[in-house]
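The chains carry the letters A, B, C and D, assigned in the order they are written, with residues numbered from 1 in each.
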Amino acid sequence: MNRRVRLLMVLAGGAGLAALLVAACLDMPGFGGDRHPYGDRAVHESLARRTANTIASVNFDQRAFDTLGEMTILFGAVLGTVVLLRQTRDERRAAPRPEDVAPPVRRYALAVLPVAVLTGLYVIAHGQLSPGGGFQGGVVAATALHLLYLGADYRALERIRPVGLYEVGDALAASAYLVLGLAGVLAGTAFLANTLLPYGTFNTLTSGGTVPLLNAAIGMEVACAVVVLLARFLDQAVEIEEESGT
Amino acid sequence: MNGWTTAATLTFAGGVGATVWGVATGPLRRRVVAQNLSSALACPGLLLLAQGYGRPAYVDLALVLALLGPVGTLVFARLLAEELAADPPASPWATWCAAGFAAVVVLVLCAATGPGRAMVKLLVTGALLTGGNLVASRALAGGFPGGRRG
Amino acid sequence: MSVLPYLVAVWIFLVGAHGLATSRNLIHAVGCLAVCQSGTYVLLLAVGYREGATAPVYADLEPGSRPVVDPVVQALALTDVVVGATVTALLLALVMQIAKRHGTVDPDELSELRG
Amino acid sequence: MDDPAVVVALLLVAAAATTAVAVRDPVRQALVLAVLGLALAVLFTVLQAPDVALSQLAVGSALTPLLLLLSVRKVRRRQKQETKGEPE
C-alpha cells in the first residue's frame, strides 16, 4: 500500500469519525451546565470524611482501587522501559566528559535544586488539603534532582543518585499501597476501605484517614519511577555507545 | 469576570498567543526564546487568576511554574547547545520586558493582599520567576560553551 | 457557543490522529500521540465544568459557600496526565530499540525492510 | 458561556496542538509541546481544575521535553555513527 492510498484511507476514516464525534458533541449536555449528580455526591462524601481536597478524596478513598490500576500501569511502563533500555553485550559505557557551564547558570541550578525538591515534598504533603498530591509532587521532586545534570554534569548527578536504591523505592512504594489496601481487609472491612484510621480534624495534615498515607505512597512511587526512567534515558543518550570497530 | 481575570485573559491572549506564534515559525533561535517567554508570561497570568478567583491556593500553580519553566528552558539550552552555538539567540529587550512585567504584577498583587504569609509566597514566586527566566535566557545565549559533550 | 469546548477536544484528537498517520519520524509520532491524549483531558474537564463555580478544594474555602465543579473527572484526568507521561517514555524506549535494530526511525522505510 | 478566559484558553490550546502536529522536526516539535503543555495548564486553571493543571505543568514543562530530546540525541548519534562507518 503506497502513501497516497494510505493517506486517502486515513482522510476517509477521519472524516467519518469527525462526523460521528461532532454529532455526539451537539447532543451532549451543554458546557457549564448545573447538573453534576455524581460530582455533588463525591463532594458530600469527601466532606463527611474530612478530606479538604475533594480530588484527593476521589483518588485515594472513593476510587482508590482505580488509582491502584493507574499505579500498576505506571509500574509496568517503568519496568518495560528498564528492560528495553538495558545495556546489551555489543554496547560499552564511555565516561561522560565534564561539561563547561557558565557560572551564573551553575549557581542558579545549585541554588534552585533544594528549593525545587522542597516544593515537590510540600506538594506531596499537602495533597489532601490544597491542589497537589503524590502524582504532581513526585514529578516535581524527581525533575528537580536533574537540575544537577543541567547545571553541572552527568557525573555529579550519578554521585547523588544510586539508581538501584530508587528501583527498590519504587517497588516498596507500590507494595506499601497494596499492604495499606490489604490492611483494610484484615481489619474486617474491604480492600482499600478508608476505615482504619480516625478521620481527624478538617483541614489539617493528618485529616482524612488513610488518604495521606496512600498519597505519600503514590508520591514516593512516582518520584522513584521518574528518576529511574530518566536515569535509563540519560544512560542511553550520554554514556552508552555501540562497540565500534567490531 | 473582574479586573484581575480580565488582565489575566489579556496576558494570555496577547502574551502567550504571541509566543505560540513565535514557537511555531522562524529559526530555532527565535523558537527557544519564545518557549522561555511563554513560561515567563503565563506565570504572572496564573497569579492574576488566583487573585481574580479569590483562591490563594491557586498560587501553588504559579510557584511550580516559576520553578520548572526555567528548568524546561535549561533542558533545551543544554541539549541543543551545538545548534544554538552556531546561531546564538539574542533577545535582551523581550526578556527584560517579560521580567519587568512579572515584577510589576507581583508588586501589585502584594499591595492587594497586604502583609502576611501569602505575600511572602508571592515574593518568593516572583523572585524565582524573574531570576530563573533571566538565567535561562543567559543559558540560551551561550550558557554551555563546551557545546555537545556530555 | 456552548459546544465549543467539545469541538476543540474533537479537533485536538483528530489533528493528533492525522499527524500519527502521516508522520515520517517515529519520535514525531510519539509527540502526536501526546497531542491526542490531551484531547481527552479537555473533553473530561469540559464535561465536569459548571458555570461560575470554583474548584472543590476546601483549604481556603468555607464548605458550601460557593458552587463547585465536578471533582470526579478531575481525578480521572490528573492521574492520566502523569501515567501518560510514563507511557510516552515507554514508547520512546521502543523507538530507540527500533533505531538500534534497523538504523532508521521512518515508518515507511521500516515496512519496506520487513517486506 | 460568557467567560472570555475560557474561549481564549481553548483557542490557544487548539492553535498549539495544530502547530505541534504540523511541525515535522522532532526537536522543534518538543518546543511546541512544551508551550502546548503550558496552554493546557492555563485552560485547566480556567476550568477550575488546579490539580490537573499542576499535573500538566509538572509533566509538560520539563519532563516530556527532556525525554523527547534525549531520544532525538540518541537516535541522531547512532545515525551519525552509521554514516561514518559505511565508507570504510
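Note that a residue touches a chain if its C-beta (ideal position, glycine included) is under 8 Å from a C-beta of that chain, and two chains touch if they have at least 3 such contacts.
As the structure is a computational prediction, the values presented were derived from the model and not from experiment.
**Student:** What is the set of chains touching both chain A and chain D?
**Tutor:** In this structure, the chains that contact chain D and also chain A are B, C.
**Student:** Give the chain pair, either C-D or A-B, that is connected by more C-beta contacts.
**Tutor:** Between A-B and C-D, the larger count of C-beta pairs in contact belongs to C-D.
**Student:** What whole-Å value do you get for the distance between chain B and chain C if each is reduced to the mean of its CA atoms?
**Tutor:** 24
**Student:** How many angstrom lie between the CA centroids of chain C and chain D, rounded to a whole number?
**Tutor:** 11
**Student:** Taking each chain's centre as the mean position of its Cα atoms, how many Å separate chain B from chain D?
**Tutor:** 16
**Student:** Scan chain C for residues touching two or more other chains and write them down.
**Tutor:** 2, 4-5, 18, 46, 48-49, 51, 54-55, 57, 59-60, 68-69, 74-75, 78, 81-82, 85, 89, 92, 96, 100
**Student:** For chain A, write out the residues touching at least two other chains, lowest number first.
**Tutor:** Only 31-32, 53, 55, 123, 130-133, 135-136, 139-140, 143, 226, 229, 233, 236, 242 qualify.
**Student:** Residues of chain B that contact two or more other chains, please.
**Tutor:** Where chain B meets two or more other chains at a single residue, that happens at 53, 55, 57-58, 60-61, 64, 68, 71, 75.
**Student:** Based on which chains touch which, is the overall arrangement a line, ring, star, complete graph, or other?
**Tutor:** complete
**Student:** Please name which positions on chain B make contact with chain C in the complex.
**Tutor:** My answer: residues 53, 55-58.
**Student:** Which of the residues in chain C come into contact with chain D in the complex?
**Tutor:** 1-2, 4-5, 8, 11-12, 15-16, 18-19, 23-25, 27-28, 30-32, 34-35, 38-39, 41-42, 45-46, 48-49, 51, 53-55, 57, 68-69, 74-75, 77-78, 81-82, 84-85, 88-89, 92, 95-96, 99-100, 103, 105
**Student:** Taking the complex as given, what residues does chain D use to touch chain A?
**Tutor:** Contact set of chain D toward chain A: 1, 50-51, 53-55, 58-59, 62-63, 66-67, 70-71, 73-74, 77-78, 81, 85.
**Student:** Which residues of chain D touch chain C once you look at their complex with the stated criterion?
**Tutor:** Within the complex, chain D touches chain C at residues 1, 3, 6-7, 10-11, 13-14, 17-18, 20-22, 24-26, 29-30, 33, 36, 40, 43-44, 47-52, 55-56, 58-59, 63-64, 67-68, 71-72, 74-75, 78-79, 82.
**Student:** For the complex, which residues does chain C have touching chain A?
**Tutor:** 2-7, 10, 13-14, 17-18, 21-22, 46-51, 55-60, 63, 68-75, 78-83, 85-87, 89-90, 92-94, 96-97, 100, 108
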